[in-house]
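Questions regarding the structure given below will be posed in turn.
Which chain is which? They are A, B, C and D, in the order written, and residues in each are numbered from 1.
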């Protein structure tokens, strides 16, 4: 009896969906983001960014004569939920393009579905594995963690720091970045002499850092981390009196990190996109107008500071819009081809040049090496 | 490095003291009502987040911190009134679900009332670490340990010297007898929820300068507090303190000497071992035969 | 002494026996009818997806209900078995290239073995202590799955090859739907058989009074073990199938929150009621899909629904509905 | 039916912490014989029953049943061996019907292979049918036939006690331990219990009866064991015990007015 009730509930929701589809068809942008849960600090700015810019684009006439319609679901960072929502976006909401997957895990869960449904999919997550090997319908906006490693190691080499300790969290981002860093360290003549980790919800990393302190060979420490962990690492680092240079990853490239870590963050370096230092970029910088505009728009509307993650969503949406404009509509195959043909798109993450073998289109010049000075980010050199 | 084990010990005791506060909360509620309140961890979060919000409005620390504890205590009373009191006759498992539902509700509410980002409270007394035989000790750690100590002493006095405290103990020993001698059991129940929530909030306020706080910070702390209460013996205050400190030090030493990835696993393996060898916890009373 | 009490059997119980048999099968038939009626109503892959999810969760809950509802032993760690089933199946099918069904069966058997080994000591614990121990067990499993990244792929999970039966890959949502519903029907059949047997009475007996059950000659430890192992095996089976269906597994499948979700489904639907376990699984799987429209209010509403249901219907939805419908008997 | 000694209790002692509840008790129980155990409150009667049914393990001494050593066996082994019992406060299974309660009593007589259980094999179905019929007959014997499908929670205290007896009988026990079966019953009900006890004894069942109702004890018992402070004060026929000066002293000394 109850089962029948659910059946009718399902029927009801189908018919609702059908009526909605009858309206003058807008272009549908589907997003599944980790708006709550442990990765909420990714999904939250991403969602806000998407909502704000979809509104703006519609206010200025939409794309190719059609309005945009944004459909967002919260996967709470759970890959299985992400998969179901991706499916819902593709099959029930019938979106024209997918933006999202705040984390690598949620992205990977949706990749086979997007491929199967032959729908362009722009991921907002970091791992190289998303676009390597190249998947026909899958693109991504953020730099990869490998590029971050390369940027950090290049900087270390320049400072003659060759014996390095890595401390990383146990989350997906952390582990992936740690793995990539271990792989490319040798290319820069850097040797990893200590390798520690901490749990995502840990409240104190003194124990791990004490071990690193006990290792006399260590000349620098790299924290491959994400979320609040790196801020705790930074504070414990200073409390324990560790004096060698500390590097963080692009995973904490936000003002929030500096706020949480407080004075302990002084001197910390990390690779990040131009967005974080929008206002101090030289005027000659190509990205300056884009990042300054986005930063001011976002901060004016939401009264909170921008993070690189919102920028990834901005780039994802704008890349899709750009491709649709060039494709003259929302035809999936045409949009995909147009995406792959993106050249010289200037976004918050860098200048994007996609090719058939590169579905990200960024190179390491997009990363800036930043340092915390007097509680603010400054460009190194 | 002689400072190494000392460092682990200090770190472990600091975190362990917070676990102990949460565990005491579990025990107080359990003694009064036989309920395991899975929402206990949320009071830690509410304490921390309320303090952050109150400070943001410009209220000075001396008012904001007690204010945050009061907010949590009020929420505790409301939860008791709206959820637990109505379900007093429910079985153990539905009660577990009710408290889990309450914790989900509170987390959702915190998301709306506060926000989703991570916050830090300023420490009570500076940030410059003290050097104790080679171990770096943050002043806040001393605060955590000191306040926990004071609370444990105060609670002991409360439960043994005051009328209200004795009434609460009487209820936990024998509810029927307590009712017969004229103790208002419902009042006691409500008071224990308020007290447990306040204790959790104190933990939340104390730990936020070290470990930060956010709307979902309560899950893990609640879980660890529950484990600590179990480890020490559910319902026993000395047990809760011993359990909390043991768990904290084990975790810290596990991370330092064995594997930081397996530190939580180590803690739970030891907890399982203790449960299997001493099913009533380290300091719990042996349960009696049931016929 | 051999015929201490002689009582002649009479034919008077023939009719109730028939009725009871019908009762045992009524749920099965009702379920089959509902499941069979759904496909024409279902529009697209997404709905199949949700229905399949419901079925897999229901398989776990039907098993877990034997343990929690009938035997009265709480487990807050069953997602651990679900996750192990998923990972075991994935590893055997991908790394060792075993045939799908063999991988699935072997993983479920291995999980049953693990459950068998841990059950004896753990099930000596009672009430909250048992809850804590099973919770710890589940957390240990999820930590191992997330940490041993060389084998499991770490927090991002691992890919699972498609399910192939007799060399033919299962594709298409209808096929998957049939598999999921078929598995659920089998689980329900087994569970109802068990409940209606001496073993089922033994489980219910030890739930009320372990001493009285023992005095009746019931080896309490053995029956707790049976319920624990059977529920673990069903969870592992569902986990393995879900892994095949999703094409990947992540450590989140074994998380503490997932364990809580399973228990909530069982209690929400109604303890000691197989129909309740299914309804609980269905409602709590569908609810987030519906509530997602509420955005920021989703969590808060979900929590409120949980609390309110348990306060007003402490025995769960199905027993409450059954009492309402006054057809109390068949739902049991 | 031979009056073989089916249960031997040899020097059994049970201590809880420093308190010795049962102290060096030795006696034998024969099939077809009703043994009463009497004594003032706190004499250790219920502890003794708990020892005989395996609920407690003896601190010292041996329990041998039907030439099987049960001293250290788990409780269910006692039940499985054919020792059934009832409780002072009825322990009925509230989550099943009255008739299912009785069927549960038959547990030791049923086969429990896993496979037939899971697939509900024909043999199992047949056994279940027989088991139900048998249970219903027992319910008739104890006057509960009308409530077969009811919940035991709906039964009166007296009816619950009779249900427990029916459940105990369902296992076709060789030895039945009754812990105060008449407590809380009215005179008619108590007489009815006495009739059932005699009926069982005639069929060869050994019965151990712990009871305060002396009219019942004297009416049905073949032999009586008197306990005081955990020790065996005396054992003999009803008349022997009635006339034993020590027994009278014990009861008067304990200030218990039951005798």
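By our rule, a residue touches a chain if its C-beta (ideal position, glycine included) is under 8 Å from a C-beta of that chain, and two chains touch if they have at least 3 such contacts.
Everything numeric in this text was worked out from a predicted model, so none of it was measured.
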Result of counting contacting C-beta pairs for A-B and C-D, higher pair: C-D
Chain whose Cα centroid lies nearest the overall Cα centroid: C
Subunit C and subunit D: spacing of chain centres that average the CA atoms, whole Å: 39
Gap in Å, rounded to a whole number, between the CA centres of subunit C and subunit A: 37
Mean-CA-position distance for subunit D and subunit A (Å): 72
Two or more partner chains touched - positions in subunit B: 111, 261, 264, 291
For subunit C, residues that touch 2 or more chains besides their own: 147, 211, 298-299
Where subunit D touches two or more other chains at once, by residue number: 55, 87
Residue ranges of subunit D in contact with subunit C within the complex: 1, 6, 31, 53-55, 74-76, 78-80, 84-85, 87, 91-96, 100, 103-108, 110, 112, 114, 117-120, 124-125, 128-134, 136-138, 141, 149, 167, 169, 171-174, 200, 203-205
Touch list for subunit C against partner subunit D, complex: 1, 3-10, 12-13, 16-17, 21, 24, 190, 193-194, 196-199, 201-202, 204-205, 207-209, 211-220, 226, 272
Subunit C-touching residues of subunit A, taken from the complex the two chains share: 1-4, 6-7, 9-11, 13-14, 17, 36, 73-74, 77-81, 83-85, 87-88, 90-92, 104-105, 108-109, 112, 127, 170-172, 175-176, 179
In the complex with subunit C, residue positions of subunit B that touch it: 30, 36, 82-83, 86-87, 89-98, 100-109, 111-112, 223, 226-227, 230, 234, 261-262, 264-265, 268-269, 271-272, 275-276, 279-280, 290-291
Partner subunit B, residues of subunit A touching it in the complex: 36-38, 40-41, 44, 170, 196-199, 201-204, 206-208, 210-211, 213-214, 227-228, 231-232, 235, 239-241, 256, 259-260, 262-264, 304
